[in-house]
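Order of writing sets the labels: A, B, C and D. Residues in every chain begin at 1.
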Amino acid sequence: MTKTIICVMGPGEQAKARDLQNAYELGCLIAQEGWILLTGGRNAGVMDAANQGAKSADGLTLGILPGCDRNNISNYVDIAIFTDMGSARNNINVLSSNVVIACGMGAGTASEIALAIKGNKPVILLTDDRESQAFFKKLSPDNVYIVESAVDAIAIAKSLVK
Amino acid sequence: MTKTIICVMGPGEQAKARDLQNAYELGCLIAQEGWILLTGGRNAGVMDAANQGAKSADGLTLGILPGCDRNNISNYVDIAIFTDMGSARNNINVLSSNVVIACGMGAGTASEIALAIKGNKPVILLTDDRESQAFFKKLSPDNVYIVESAVDAIAIAKSLVK
Amino acid sequence: MTKTIICVMGPGEQAKARDLQNAYELGCLIAQEGWILLTGGRNAGVMDAANQGAKSADGLTLGILPGCDRNNISNYVDIAIFTDMGSARNNINVLSSNVVIACGMGAGTASEIALAIKGNKPVILLTDDRESQAFFKKLSPDNVYIVESAVDAIAIAKSLVK
Amino acid sequence: MTKTIICVMGPGEQAKARDLQNAYELGCLIAQEGWILLTGGRNAGVMDAANQGAKSADGLTLGILPGCDRNNISNYVDIAIFTDMGSARNNINVLSSNVVIACGMGAGTASEIALAIKGNKPVILLTDDRESQAFFKKLSPDNVYIVESAVDAIAIAKSLVK
């Protein structure tokens, strides 16, 4: 029986302060549920904050990295997977997750959301970006959930992984 | 000196009649410019129509396929590349193209647009989907172009590959 | 600080009885060292036996699968990564491992050994196939180790991950 | 109807003089058959020499590159596919080819041969490396052909693509 994996994705260097706070809280809550946190694994932005949050709650963290260089890993990643396939690794991130949570918005994040929808994975959007909400909700009305807080995101994730 | 490659992407089985007409016309115009047409290569929707258009004008067509099965190829693909990596091949499509043209909208198409923006590739949107226009234009104001016709798409592509 | 990951690879359906015994023992010894076991994740051959061995010693097991189908996973995999990229995932397996142990021989195994050598990863061969020993040892005299038992393989792995 | 694609692979920077001569001749003969030449696309070793040979005979050349950087392309590649997935692109090379010809030997070349065998593609070995001949012939007696010259390699390829 494999463990439940929840992906938290979001901007790296361009993450906003609020995205980082949400990411930290998401990581913490995911760990408290006993789920594994999966991120893009780099030591930047939402990835790094989510991993830090998960480790603050003694969670297990999995980073799926775009390169093969150990220097770019978040200090809070336990298990590092080196894909050396750049943004194409985004598809692995979503296929390996039971639920995908987008925390903030950017081009890489948008690609992961779209790939998740394509792969029939549920996506939870935690962002105040109205255009992305309108676009992705229209693209997949049944599989996209819009939330206002990390707590709400986890509540929906719990209902989905049951 | 490598040849200019223009990617036309769009829905497969869910393509609308107007998307198919635009795709055929795009393929035809791309071939007339002497450019290579790159698509996802399957015998469905926008991919198939664009390839048919390009062959009607004696163009060269390149299909980057998600699987490794010869049965799913468009009859109008000259050169088939079998990736066997599913939707992750979308990143190869955009990285290999000088300009990316999205004809219609769907989850796979959205992932390619987002990956193109991430990879700093210019993207031309030929769709009447207003939410996607608003979202992607906001995501990358300088690299996303919104057009109303295949002719306009090619005019912009010409200015970009000069 | 990321955890040490040791890859055990080998034939799936064509594995020999001795390969399966070695794989089980390798999995067990890897878990006893506190290392994570990484395999190709399928419920067949060396992959399955190594995972079973690791779980018998309360280890943590990571399966990097070629597809995206939950039906093919070894029952002894804790964390399943779905790549949906077929044999190209072999490169991820070796890049993510500190040491690669080949247990038995076959085409997939040979590709992983060669990719490991290409990626400058140490490779330990536990097989009685003389032609593969001669070939890979010549290909990379300094990075390929030939052993006769699981215990010897682990002894070398310990010296390499220090 | 897609065009016939023949892959020539071999060492990059470590190629021997004889490998380069064979690669040039292979490229030339492949072009004369009207086949497309597929290589790893870099401006080094066997890849570069094969592409140069094919262009000397007015062939069409396809390069499947490991990165996404235009600076490393062979000057004799017509169509460049940028995978940005490192050595994992070797699987694409072999899956997209009707026949795979290995010209010389090295770790990358060995991984492509093994992946070709795994993918049920015929492989022709043009190398004087006896250990690789013994190993791969044993691994796949029916799908591996050992030849002494470029002319012999093409004769076998012709019999296989009929």
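The rule is short, and it goes like this: a residue touches a chain if its C-beta (ideal position, glycine included) is under 8 Å from a C-beta of that chain, and two chains touch if they have at least 3 such contacts.
Just so it is clear, the model here is predicted, and its values are computed rather than measured.
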| item | value |
| --- | --- |
| Intersection of the contact lists for chain C and chain D | A, B |
| Furthest chain, CA centroid comparison against chain D | A |
| Computed distance of Cα centres, chain B from chain A, in Å | 28 |
| Chain A and chain D, separation of their C-alpha mean positions in angstrom | 40 |
| Junction residues of chain B, two or more chains touched | 68, 83-88, 91-92, 119 |
| Chain contact topology (line, ring, star, complete or other) | complete |
| Residues of chain C defined as touching chain D within the complex | 85-92, 105-108, 110-111, 114-115, 117-119, 129, 131-132, 134-135, 138-140 |
| Of all residues in chain B, those that touch chain C in their complex | 68, 83-88 |
| Chain A partner contacts - residues on chain C that touch it in the complex | 1-3, 5, 36, 62, 64, 68, 70, 73, 75, 77-85, 91-92, 95-96, 119 |
